[in-house]
Every structure is written in C-alpha cells, then in structure tokens.
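What follows is a set of structures for review.
Okay, so chain A shows up in both of these, paired with chain B first and chain C after.
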Partner chain A sequence: MLNLIARRLAALIPTIFIVTAAVFALSLGIGMDKAAGVRAGDNPSVEAMIKAKEILGLDKPVTTRYVEWVERAVQLDFGRSFVSLEPVDAEGGGTTLRGISVREHIATVFPRTLSVTLIAALFALLIGIPVGIIGGVWPGTIVDRTSAIGAMIGLAVPSFWLAMLLVSWLAVGLGVLPAVGYETVADGGLWGWFKHLIIPGFALALGPSAMIARQMRAGLSDVMGSPYIRTAWAKGASLPRVIFRHALRNATSAPLTVFALAMTQLLGGVVIVESLFGIDGMGRLIVTSVRSNDVPMLQGVVMVFLLFTVTVNLLTDIAYGFLNPKVRPA
Partner chain B sequence: MNKRLASMRSKIAPAAGAAATTPSSPARKSVRKKFMRDRFAVVALIYLVLLVLVAVFARLLTQWQTEQLNAGGTGPFTGPSWDHLLGTDNLGRDNATRIFAGARFALRDAIQVSAMTLAMGIPVGLVAGYRGGWVDTIIMRLTDAIQSIPAIVLILAVAQVSNQSLQWVLLAIAFGFVPTIARLVRSSTLAVRQESFVEASLVAGTRERWIVLRRILPNVLSPIIVQATIIMGAAIFIEAALAIIGVGYPVGSAAWGAMLNDAFTTVSSSFWNMLVPGMAIAVTVLAFNLVGDGLRDALGVDRSSLYGRKTRMGLTQAKHLRKRGPRAASEHSSDNLLEVRGLSIEVQSGDDWIPALDNVSFSIKPGEAVGLVGESGAGKTLTSMAVMRLLPSPPYRIVGGEIALEGRDILRMSFDEVRGVRGREIGMIFQDPMLALNPAYTVGRQIAEAIRLHEDVSKHVAEKRAIDLLERVGIPDPARRAKAYPHEFSGGMRQRAMIAMALSCSPKLLIADEPTTAIDVTVQAQILDMLRDLRKEMGLSVLLVTHDLGVVAEFCDRAVVMYAGQIVEQADTRRIFADPVHPYTRGLLRSVPRMGAAKQDFDPITGQVPPLHAMPAGCRFHPRCDVAMAECANEPIQLQSRGDAAARCIRAWDNEREAVG
Partner chain C sequence: MALATVLTLAACGGGSGSNSSRDNTLRIGFALNQRATLNLDPRLSSSTGEIYVLSALYSPLMRYVASSHSYTPYLATKVAEVDNKTIAVELRPGLKFSDGSDLTAEDAKATFESMAKNMVAGKAGGLNPGIAQLDNVEVTSPTSFVMHFKSPAVGFIYDMLSGRESYIVPSQATADQNTKPVGSGAFKLKSFVPGSKIEMVKADTFFDAANVKLDGLTFISVDEGNAMLNALRAHTVDIGAGSAFGGLDPSSFKTLSGDSRFGTLTYPSENFAYFDSCKAPGYAMNNLKLRQALVYGTDRPALAEAIYGSKDLRAIQIWRPGSPYYDQSIDDDFAYNPEKAKQLLAEGGVKEGQKLKLILTPIDPAGQPLSLVLKDQWAKIGIDLEVSVGDIVTDHYVPASEHKTKYDASLSVLSREPSQRLSINFTLNTIRNICNYNDPKILAMIDKLQAISPNDPAAPAAWAEASRYLAETGALLPLSGRPTLAGWDKKRVDGVSEETLGRLAVDSIQYEKLSIKN
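Moving on, here comes the complex of A and B:
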C-alpha cells in the first residue's frame, strides 16, 4: 500500500511543478503594478511606487522571485496580503499597517469551505448511492426509470438556482432554516453549524449525486449479471446479501471515480453558493482577491485547492486498493 | 511505392466509410432512425430548435424593450398576464422579452465556447497522438495540470485582466474543456496510428499524413459531436453561474444568470422571477444533455444504454404455477432424488416469448451420475440452471413442468425455500472458474460464507472447515491458500475451490456445468478423478452438463442427449455408446476423433443447431439428419420409451416394433 501511495505521489511531481509555475505566473499576469499602485495609495508619486514595489519584493528578477516563492510555498507560507491590512506596532513607536498573513487568513476561512464541501459530499452519497443501487438491482422498473429521469434533471438543475429556490422556500417562506451565514461549532453547537449548511450543501450535492447514481446503477447492473453473482445466488444467498456483500464492493470503482472528480470540481459551485449565502469561505476569497489584485492571497488559495485535489485523488487511489485486491500489492 | 499506396488507400477507404457517419446514406439513415426512437432526445431537439428560432426572432416576439422600465405601466413583480406573458421583474421590465434576449446570449455563447474548445482541443489531441513520444508526454502533463487548477480561478483571473471582456471569459471557459476533447482525439489518433498500414504510410510523406487525418477524423467525429453538444449545455450552465457574481455579463443585464441574481436580491417578493430564468437555464441544459445522450446512443459511441431491460434477479419466474395449489409434486417415486417432468421454458425476444426448452423429463437416483449432452444451444445449461431456478426472469420464464427434489417441487417453492435448497441440498459448479469466484474476497472466506449461510456455526469454525475442504479437493498448503484471493489461483485451482464451496454443506446433488471445459487438458483428468472420488465418498448424485462425450463415458452412469431444446435420447451410458438409437447421438459419437480409428469413422454432423425462432417443423433434427424421410418433416416426433431408454425418432426401434406388431 505504501508503495502504491509513493508511486502515485511520484507521478504527481510534474503536475505540481507545472501548477506552481502557473500559480506563480498569476503574479505576472494579474499585474503586480496594479497591486503596487493599490499599496502606494491614490495618485502615487514615482518614489512611492518604487518603495511599494520594494516592499512587495517586485524589484528582484522573475526567476529569483519564483525560487523564493516556491521555497516559501512548500512551507505553506504565501506571504502577506497586498490588500487586507492590519495595524502593528511600528519600530519607532505608534502603529503602522501591514498585510495580514495569507496562511493565517486561509486557516480561518478554509474550515468554512471544507464544511460546505463535506456536507455536500455527505448528501451526494446519501442520495446517489441508494438511488443507484435501486436502479442497478431492478433495472427497467418504474423506480429505475424515475430515478434515471431524476438524474438527468439533477445534472441539469444549476446548484445556484436550487439554492435560491430553497432559500426562498425554506428560509424566507417557512423560516425553518437560516437564509445566510455560517456558524462554527464553537459558536452555534453542532446543530447551529449544520443548519447553516443544509441548503448550500444540498444545492451543491444535487449534481454530484446524479453522477454517482448513474455510475452506481451502471456498475451494479453490470456486476449483477456476472458469474460470481450467479455463484452467490447458487450458494443460497439472500437478495440483500448478494447486493451488499457481493455486488456493491465490485461496483463501486466507477462511482468512486466520479465522486472524487465531483469533489475536486465542487469549487466552481462553492464560489457561487458562498456568495449567495454570505459564507466567507475560500470561494468568496477567490473572487475578492482576484478583484483586488491580491496576488499572494490568490496564490495561497489556489495552492490550498491544489493540495485538496491531490489529497482527494490520493485517498481515492487508496480506496481503490481496499476495494480491489488486485490493485493491492500482495 | 505508388502501387503500395494505392492498395493502402483502398484498404483505408472502406474502413473509413464504415466508421464515419457522413458518407454513406444507409448509415446516416440508421443513425436518424435510432435517434428518433429516443423520445426524450427528440423532444429535447424540438425544444432547442424552437429556442434557436426564439433567439433569432427575439425582437419580433414582444412589444417591449429589454431594458424598458415599467413597461406598459404595469409596475414591478406582476405575475403572468396577456401583456406580460411571463410577468415583470423588480424594475417592471417584461420578463418574456428579457428571457428571449437571454436565449440569444446563451445560445450564441454556447456555440462559441463549443467551437473554441474544438478549435483548440482537436489540433492538440492530433499532435499529441500523432507525434507521440516526448511531445505527447508534455501535452498530457499539461492537460493534467490544467485539470488540477480550478477552472473558476482561471476564468476569474482572465476576466480581471481583460477588464471583464466577455470574449475572453468565453475563451477561458472553453479552455477548461480542452483537455476532454484533446484526450479523446489523442487516444483515437494513437489507435489509428498503431495500425500497421498507417505506420507504413508515415514513411511516405505529407500526402500520407493527409490520409492518416482522413482516417482519424471519421473515427473521432461521433464522440466529438456528442461532446460538443454536452459542452454547449455546460457552457450555458457556467456562464449563468458567472453572471450571478457579475462576471461575463454585468449585474442587471438580460442574461439568464444576471436575471436570477436580480430576482435573488429581492428574494422575499419574487419567487416567480427566480423560477423563470432558472427554468430557462435548467431546461436548456437538460435539452443539450438529452440530445447528447441520444446522439451517443444513435452514433454508437457508448453502447451501454441508460435504460436497461427489466430483469428480476435471483429467482426464475415460474408463471404457470404462481397461483396453483399444493406444494408437493404430483407423484413421487421414492427411488429418485431428482425428477424433472415436462419442464418447458420460454425466452423473451422483443415482445415475443419463444419456446427455449420443450417438455424435458429425466430423473436422477441417489448416488447416480447423469450426463446432459449436446451441442451448444441444445438447452442443457438452461435445464441445469432451471433446476436451481437461477435463470434471470426476464428474459427467461418457466411455463410448465415440475422439478421434484425428494418429492418437493422446486418450481412451487418460495424464494426463501429455494434459498434453503441452494447450496445445502444442491451444490453447483460452473463452466468458468476464472469468473465464478468473487474477486473482492479471499477464497477461504467465500467457502466459509457458503457454510454459514446454511449452518449456525461460528466464523472461526466455518473458516476451519473451509481449510479442510480445500485440503480435500487437493489444494496444497490449504491454510495459506485460504487467505489468498481468486486472482492468485490458477484456473484448475479455482475450479477445485469452487468444488470445495459447492460441497461445503454436503449436498445430495451436485450440478456441474461444463466443469472442465475452461481448464487445461492436463488438469481436466485430475479434476474428474477427484470428483469421482468425492462422489463415492459422499454418496453424491451428479448432474454433469457437457458437450464432451469422452467425459460422459468416463464419469456418468446414464446419458441424456439434448438437441434444440428437447431430449432426443436417454439411456445407460454403456448402451448409448454401444447401441445409439437416435441419428443425432450416432452423429455425435462419430464426431469424436479416436486414436486408431479409420478415417471414415470420423464424420462430424454438418450444419448447426437451428436458432430458437426458426425451429424446423416436424423432427427438429431432420434438416441435418442423414437418414431423414419425408414424414420426418410432417409433425413433431414424440419421445418413445423402451424400458429405461427413450428416443425421439420416427425410426426408433423400427425393427423390433415390426417384430412385435
């Protein structure tokens, strides 16, 4: 198993190299001059601009900056925000302003997005797997046809629209769930945390759950026709036993793949849903840092998402190993 | 060289024609026919055509302007009316006018994104697949990298740098889809390139490259069309999402996403206004997906269809008996372990039910081994599966007969009763040991499961017994092998493990369906020897399904010969070999090559078993029979018994009957 993980990680090295280069290139593309301008204030003088560039480290050559950036990035140090400032004690007494730490800011923001994502993942599995199982075990029945049509619709209904409708119905209309915001477990308890995530989580889960259901159904109906399932019947196994012991485990690799893919692609939905629900998470942070040319913040966010993607893919590979003994080195 | 090229071209041309959807009209016709059969896709296509018309003639369809405030003095948030078919929004603008204008934006942009994706993806894929080597590696790594950066980041960054230019945003959206198309084209190009004649033509220069291209494009055309359709839907989806946060289309514009955003900011008063643009987005995306799926099926891109045939697994339906009375078989002669009487099975084909097994009767005594012999398609596997009610329903259903196991009719049992028989009273082994064991569990665990399904023993005890069983079927080092997975076993070992599993609850009857067919010849004999020993040891009855008369001769007390869904002859093994009555049996015996036999004695039957839907009238064998007479084709021949033996032939025991009559 360790061997497998090591191999997967090694295969990632070129990807990581390209992505870090691309993320660093953001700082070139997005216009550090603009950022320096923001820093230097309205109508800056030439001296002020030079000083601002010096503070931001823009006076050094690109290659040096890249190497320095990677060195710090591997320690998850993405520098300080160009835009969000905090007061600190100045050397000569009094206070001065400096950018807030990207790492610290992300550390407070990331759990919110992770919460939304995890709840969405949970809902996606809770809906997608049972629907897929029913379709796969009883293909062609009314239940299966209904769920197939449901999955088609689920793939087409935009998460942001569903979120809006649910807010309008459950939050504004019935008032049973909060319309916006986020509460930490520490502030609002487990229920307070969860109830803020129900609508955004469900809205985000719909598309992935439809994908999972389709793959689960396809995989399961294939497996149900296989010789080893016939063997299980011939042993005298009951229907639940055949499904849950013998078929499911061999039918999960395709739904697992789309689940992992859906999780890594949730970000697009998170950006919209977080701004609809006023959740100050990573999605909103991307939007604000792009809009304000806050390059270090954006680089930090993207790198964290890269890390998230890599982690999800690695966990998926490990899960394959558990599900399929052939992948597992003896 | 020219000659070679010409021949190459002629080889390429028909292949390309067959694969392509465009050139030959019959192919195109069948695609259209298949597509038209998918009702959802047809409705979706009609919707899209209407949407295009609406988009083109948007300005002529209503009397209002998209940005006309309080159009017609109606005021904000009115519901549907004659003046405003879809009501008005928060500023009193006419919803219908704005939705139609939005359709224009959505479709125009969707087509653009799709076209840009193809324009970038196809060349990249072609280059990667055609050049191969390091070029391919670099391109593939790049696409990996693109896919691991969240697409939204790129889009937002591009929007920012380009000062919210819609064209650039669309390009960024398209960029996100490039890897999908590039991979598709690349794999197809690789496949074509690896065909040797294309390799050869590579040497000859640019003209031949053109040939390669012509060979590749038809192959990838179908999947590309499908993908392009789905990308259009996805583009509309993404564009709407971006418009909500004011990217691509500014807040307040008549794009569908922007309209949604307007409605959401006044959420308490405008459920209707949220419904309308949302429906427009959802239905349009759905339509593109449905058309994409329809094309996928019609073009044969992916043959696994979304809608499967209805199948009930686990228990064959016994239609004729569903409502009828007693659970006991009609008559039970106590010396038979299993009696199959008048078993008839039908198979579904389209909307019709075709007879697949006709009135099959035979019996097995305790300790007896009966061979079920015949060519493939004779119905022997069908018979053996029916005994355990393992045939899936549909397509199969049992329409008549009885299967009495010690006097209890299996066809009248409930699912739970049948489960009690399976594994405990009747064990079964199958033809393909490579696939008959579950790949996810160790062999020992699967055998232990068979035990624990029927006996109330602890896991530990069951696993111990599994090891004993493995030893008994001749697997060396059984304690270690029990912990191994099926893929770590050889074919012969797997069949031994299957036998151990089938015998784990000491059943009275073992059904063995071609147990040695898929196994190395050298191992076949060992397996049969082992089965014979086990039979003696356990007093086991065996129903052996095989096409191999040699196996019957070696193993069985009695043989039942089947042809085209009927029993044609049954008798003692010795008698079948010494004095076959039915011409088919004689033909089977002649088709076994024997050492030392004269050449003219080896004389296989010509022709094939007739398909189920085209059974010949009269004797089903007469078209292939070398002694057929005119009467043979007249009416179905009945099985005639004579003592223990029976045969289904008009000439059966002719001489003796004459003597009697």
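Moving on, here comes the complex of A and C:
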C-alpha cells in the first residue's frame, strides 16, 4: 500500500511542474504592465511606472521571476496582491500602501469555499448512495424508475437555477433558511455555520448526487447478479449483510471515480453559487482577480485549486487501493 | 430525505426570519465583497461606495439640507468663507473620538493634510479630487482652524465638508486606523470580517449620543440587485445599501414596491448616466455636427420612461429638475428633434449608417437597457450604435492610447460630488477625461465655478451657462438621472426618508436617525 502511495506522489511531481509553468505563463498573458499601471495610480508618469515595476519585481527577466516564484510557491508564499492594498506605517513616519498577503487572504476565504464544497459533497453522498443502492438492489421497480427520473432531473437542472428556486421557496417563502451570507462557526456556532450552507450546498450537490446514484446503481446491479452474491444468499445472509458486507465494496469503484470528479467540478460551481449567496470565497476571488489583473492573487488561487484537485485525486487512488487489491503494485 | 431532515432542523431552530434572536441592531445589506478593499480609514477612501460604512463610524463637519439646498454645520458650529481660497471652521466644543480622546483642530489639520497628500499620491481615489488643492491647515485654537487652498475652492468646499473628506481621524492615527478605526460617529467598530460582515455598536462618545436610538449596526454582505431583494424578503437584512442606496436595481425595486411588508422610497439623485465620447482627432465624435445631432436625436424623457418608468428622471442638462441650478429653458431648447438631428448630420458630412462603437462598463446595471434604447433611437436618425461590453480597468479609466479596444464612447455614471461634475470629466490629464479633450472654454468655466460659493446668488446662472454650453457642443451628453431606490422592512425599521439617506454616494447616511420598531 505504501508503494502505491509513493508511486502516486511521484507521479504528481511532473503534473505540478507543468501546471505551475502553465499558471505562470498564463499570468504573463493577462498583462503585467497593466498591473504596474494599477499600482502606479491614476495617470502614472513613466517614472512612476518604472518604480511600480521595480516594487512588483516586473523589471526582472521572466525566467528569474519564474524561478523566484516557484521558490516562494513551494513554501505557499504567493507574494502580495497587485491591487488589494493595505496601509502600513512608513519608515520615515506616515502611512504607505502595500499589497495584502495573498497567502493570508486565501487563508481567510478558502475555508468558506471549502465549507460550501464539503457540505455539497456530503449532500451528494447522502442522496446519491442510498438512491443508487435502492436502484441497484431492486432494478426495474417503481422505486428504481422514480430514482432514475430524479437522477435525470438532477443532471439536467443547473445549480444556479436550483439555488434561486430554493431561495425563493425556503428563504423568502418559508423563512426557514437565510437567503444570503456566510457565518463562521466561531461567529454563529455550528448551526449558524451550517444553515448558511444548506441551500448553496444542496444546489451544488444535486448534479453530483445524480451522477453518483447512476454509477452506484449500475455497479450494484452488476454485482448483485454475481455468483458470489448468489452464494451469500444461499448461505442465508440477510439483505443488509449481502449489500454492505459483500456487494457494496465491489460496486463502489465507479461511484468513487465520479465522486472525485464531482469534487473538482464543485469547485467550478462555487463561482456562480458564491455570487448568488454573497459568499466571499475562492470563486469570487478568482473572478475579481482576473478582472483586476491581480496576477499574484490569481496565481495563488489557481495553485490552491491545483493542490485541492491533486489531493482529492491522490486520496481517490489510495481509496481504490483499499477497495480493490488488484490495483496495488506488486 | 437529507433536505427534509435539515429543513426540519431549520424550522426547529427558528429560521432566519425569526424575531426572537434580534435586538435593537439594524442589519444592513451591503456588497462588502464587490470591492477589492474596503477602507475604514477615510484618508485612504478608494471608492465612493465606502460612504455607507464610513458614515456610521465618522461624522461630517457639515450636512447638506436637500429641501433648502443649503449646508448646515454638524461637527462644526461655524464655517466662514474668508475669501474664495480660505475657509475658517469652528468645531463644537467637547468633541470626543470613540476611544474617549478629545477631537481637536490639530486632528482636523492632520486629517485634511494627510488626505491631500494621499490624493496627490494617487492613494485615495474615493476622495473628492478638490482636496488636492489644499495648501495647508492653520490651527488657530484647539477648536478652530483655517483651511488655505492653492486655488479658489468655495465651489466645492461645501461638498467636501459634508462628505467623507471631513471625517476626522486622530492626529496620531497609524495604519491600524484602516482596520481598527477610531472615529467621531454615532457608532464604533465591534468586529470586521472582510468581505463578510461588519458589526458596530453605539458610541457613547458621540456628541449626540442621547438621540441615537439604535444599539448597533451590522453590515451583512449581500450583492446588489436580485440577491438584495431576496435578502430583504427573507428578512436576512432590514435595509439595503449600495449604488442605488438600497442596492436594488429598477426591476427588483419594482418587485419590492408591490410587497406591502416593505417600505420603498425613490427620488431623483444628483447622479446621472451620460454618453462619454472620445472627441480626439481621428475619432468620429471629433465632428461637432455629429455631437450636436446626437443631442437632438436623443429622446431623453422617453429614455427615462423606458428604463425607470418616469419621465422625471430625464437628464438633458447636468443638474436634475428641482435643483436650483436647473434651467428649464435648456430642456426646451435641446428637446428631441430628429429632423434637426438629420439636418446637422447632413451638414457635418456624416453618412447614413455611420457606426459608433459604444462600450459598457459593469458599473451601472441600467447601462445595458439604456444602450439598447439609445441604439433604437439613433437608428431613426441614421446612426448605427454598436454596443459591446468593456472592462473598467483596461478600457475606461486609462488614457485613450491604452484602450484595449478602440471605441467612440462609453456609458458612464457620474456619482461624484455635484461640484465635480465638470472638473471630473474635462480637467486635462485626468483619468475620467477619456481622450484628454481640451476645450479652453470649459476649462475656464471650471475655474469660474470653483470660485463661486453655492451660497452666491450668481451660482445658478454660472451653472446654467455651463450646462447650455455642454448641450450646444455635445461635449457631454446626459441621458438619464438615476433614482435613489431604497427598500426596507417596514415592520422593523423606522425613520427612512430622503433626508436620512441624503445624496447618493455623496452625503453621510444619517443612521443615527433610524430606529427599530418594538
């Protein structure tokens, strides 16, 4: 098992290298000069632009900047924002402005996005797995057909539209959930935190839950016809024992793959959902960074998304190894 | 099943609309997360929208009274014009900051001079540009000071003294002022979660604390438009704040107006949307006859009716109807006349089907419908308006030579102090003068208007002269006014009025006059 983990980790190195190079190259394309212009203030003079480029390190060769950026990035230091500034006391007295720390800012907003994503993933599993099991164990029944229709609807309904419907119904109509906003656990308690995530989480979860349900149903209905399941029945095993002890383990490979894909897709979905619910998370940050040419912030956000994605993929690979000994290296 | 479970829990938990957990704190919806930085230090104000938060923490020296178009002392007791470049200010005695320390003329001097320095250094784009004209502040006693300007300033000083430029911070304030503000307002900061929530509590040090009915304010991050509408209807917030004060667009305002549980208020603001053209050589709008034709070819009352449902929001000149500087004869002389427009186009050698490329910036939600109505109206005089969406950073507030895409005009919104409405668009080498248009006559008018106090009987005629010249030359084409659209929970909030809300994005919001109904 350790061998599997080591191999997967080694395979990540070229992936991360290629992506960091791509992130850096893309950021060059969105205009470093413009970023210096933003920093230099309204109607900057040539001297002010030169000074701004010096401050931002844009006067150095691209290769030097890349190496320096990678050196800092491996320590999770993504530099300072070009656009979001904070005042600091100047050495000779008075106040001067500097960019806010990208790492600190991401550390503030990432938990919000992670909260939405994890709650959505939880809902996706809570809905997708039982529906898939029911369909897989009793294929062709009314319950199966109903859940298949539900899955189709789940896949077809856009998350933002569902979010708007849920807000209209649950927040505006019934008044049982908040329509907007986000609260930390420290600020609103566990329930305060959770209730702000129910509508966005559910809206994001419906599509992935439908995918999980379909894969689970397909996998389970195949497995339920296997000789070893017939043997289990013949030995007098109960239904829960057949499902959870014998069938489920071999039926979860496909749903697990779908779940890993869904987790990364959820990150994409939060861009819209965060806007709808006024949650100041990574999704909104990436939009504002692109619009304001805030290159370090954009690089930081993309790197965090990358780390999240490779971590999910790594955990998925490890989970495969646990579930299926055949994928473990000899 | 999962949803049913959490809904049951939510219902048992009292939900978001329950009154049980509320106190005497007003919850305000505000798009905290639409700005890269929200400055709580007025010396570094970078956007006009910050006024909604700043005016709770700080108090201005004067207040604008809309009913009489006059300015009345607030933190100050007396403001006197020594000459058109010199203003003497007397502070109320015994003023305190929220940390209990005394607010003195030395603090005012340090604040004003710091603001002027920041404006010159490009660090405070949200401040009135006029502050850069401040030469120095002379302290004459602990409660009085004299402001000396490099050039005539009485034309804009009153806007400054009633706006964020007069929010005084302690003279020893450091960079911490931006996150742990010490102010002179009715409220003081309790907690600040950037992009999410700001909590304030009543400041007992406020000079008029006895009349403040609220225990506190909480700003909750809500995007403007439909999200604000939902937040109000779900009782997540009590009142909205934002670019149209209520943070509501015309459509969501209309929806809220039809709901008897909510109070709504609309009145014309001093702001207006306008067609901001690039008049440099090589651009179509360099042609005077074409500009004049567009003035006559634009049916402004119909435009306002289409967008806001009211012809009262027409903008044919730079002051709104009802303002003492408004001149009815300008509206009459430059009223919609498509035949005259066609004649001017012919005289200017403009061919049928002349294309004009217009870019929209995402500032104004009404920009898209405005441009569509404009396109329709101008098609009738043979002008083909091509509308595309631009970027505020790379297209608008940059010199014409750096525009990412070459365009003839943009739709812009003037939401600055009224006294700045000429200078902000026509002063040379400034960012809003999109193609650095140089008209010596307009520049002379700017100088003249900055030297005329709003209290001067000559002010209305001087502004009318400027309005008429802009209409005659088509140098700036106003399209429609912008209404203040406020919406609030009628069962909970009391005291919302035109007076308490003030001029959109210019005046302090008088939160201390609002209260929670018990």
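The rule is short, and it goes like this: the second predicted complex is superposed on the first by the 326 of 330 C-alpha atoms of A that agree within 3 Å, B and C clash if a C-alpha of one lies under 4 Å from a C-alpha of the other, contacts with A are read in each partner's own complex, and residues count from 1 in each chain.
The criterion applied here is as follows: a contact is a pair of C-beta atoms (placed from the backbone, for glycine too) under 8 Å apart; a residue touches a chain by one contact, two chains touch by 3 or more.
Everything numeric here is computed off the predicted structure, so don't read it as measured data.
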First (chain B), second (chain C), both or neither touched by A:Pro130: second
Contacts of A:Thr231 with chain B and chain C, given as first, second, both or neither: first
Partner chain in contact with A:Tyr182 - chain B first, chain C second, else both or neither: second
First (chain B), second (chain C), both or neither touched by A:Val88: second
Contacts of A:Leu239 with chain B and chain C, given as first, second, both or neither: first
Chain B versus chain C as contact partner of A:Val271, first or second or both or neither: first
First, second, both or neither for A:Pro158, with chain B first and chain C second: first
Comparing the two partners chain B and chain C, which touches a greater set of residues in chain A: B
First (chain B), second (chain C), both or neither touched by A:Val172: both
A:Pro139 touches, of chain B and chain C: first, second, both or neither? first
Footprint overlap on chain A, where chain B in one structure and chain C in the other make contact: 31, 164, 167-168, 172, 179, 275-276, 291, 293
Complex contacts: residues of chain B adjacent to chain A: 40, 141-142, 144-145, 148-153, 156-157, 159-161, 233, 237-238, 240-241, 244-245, 260, 263-264, 267-268, 271, 274-275, 278, 281-283, 285-286, 289-290, 293, 304, 306-314, 388, 390, 392, 419-424, 427-428, 430, 432, 435-440, 449-450, 453-454, 485, 487-488, 498, 501-502
In the complex with chain C, residue positions of chain A that touch it: 31, 34, 37-38, 40-44, 81, 83-89, 94-95, 97, 100, 108-109, 112, 123, 126-127, 130, 164, 167-168, 170-172, 174-184, 187, 191, 194-195, 198, 202, 275-280, 284, 288, 291-294
Of all residues in chain C, those that touch chain A in their complex: 1-3, 6-7, 9-11, 13, 15-18, 29, 31-33, 36-37, 41, 43-44, 114, 117, 121-123, 125, 174-175, 177-178, 193-197, 220-223, 226-227, 230-231, 233-237, 391, 393-394, 397-399, 402, 429-431
Of chain A, residues touching chain B in the complex: 14-15, 18-19, 22-23, 26, 29-31, 137-141, 144-145, 148, 152-153, 155-158, 160-161, 164-165, 167-169, 172-173, 179, 214, 218, 221-222, 224-239, 241-242, 245-246, 249-250, 264-265, 267-269, 271-272, 275-276, 286-287, 290-291, 293, 298, 301-302, 305-306, 309-310, 323-326, 330
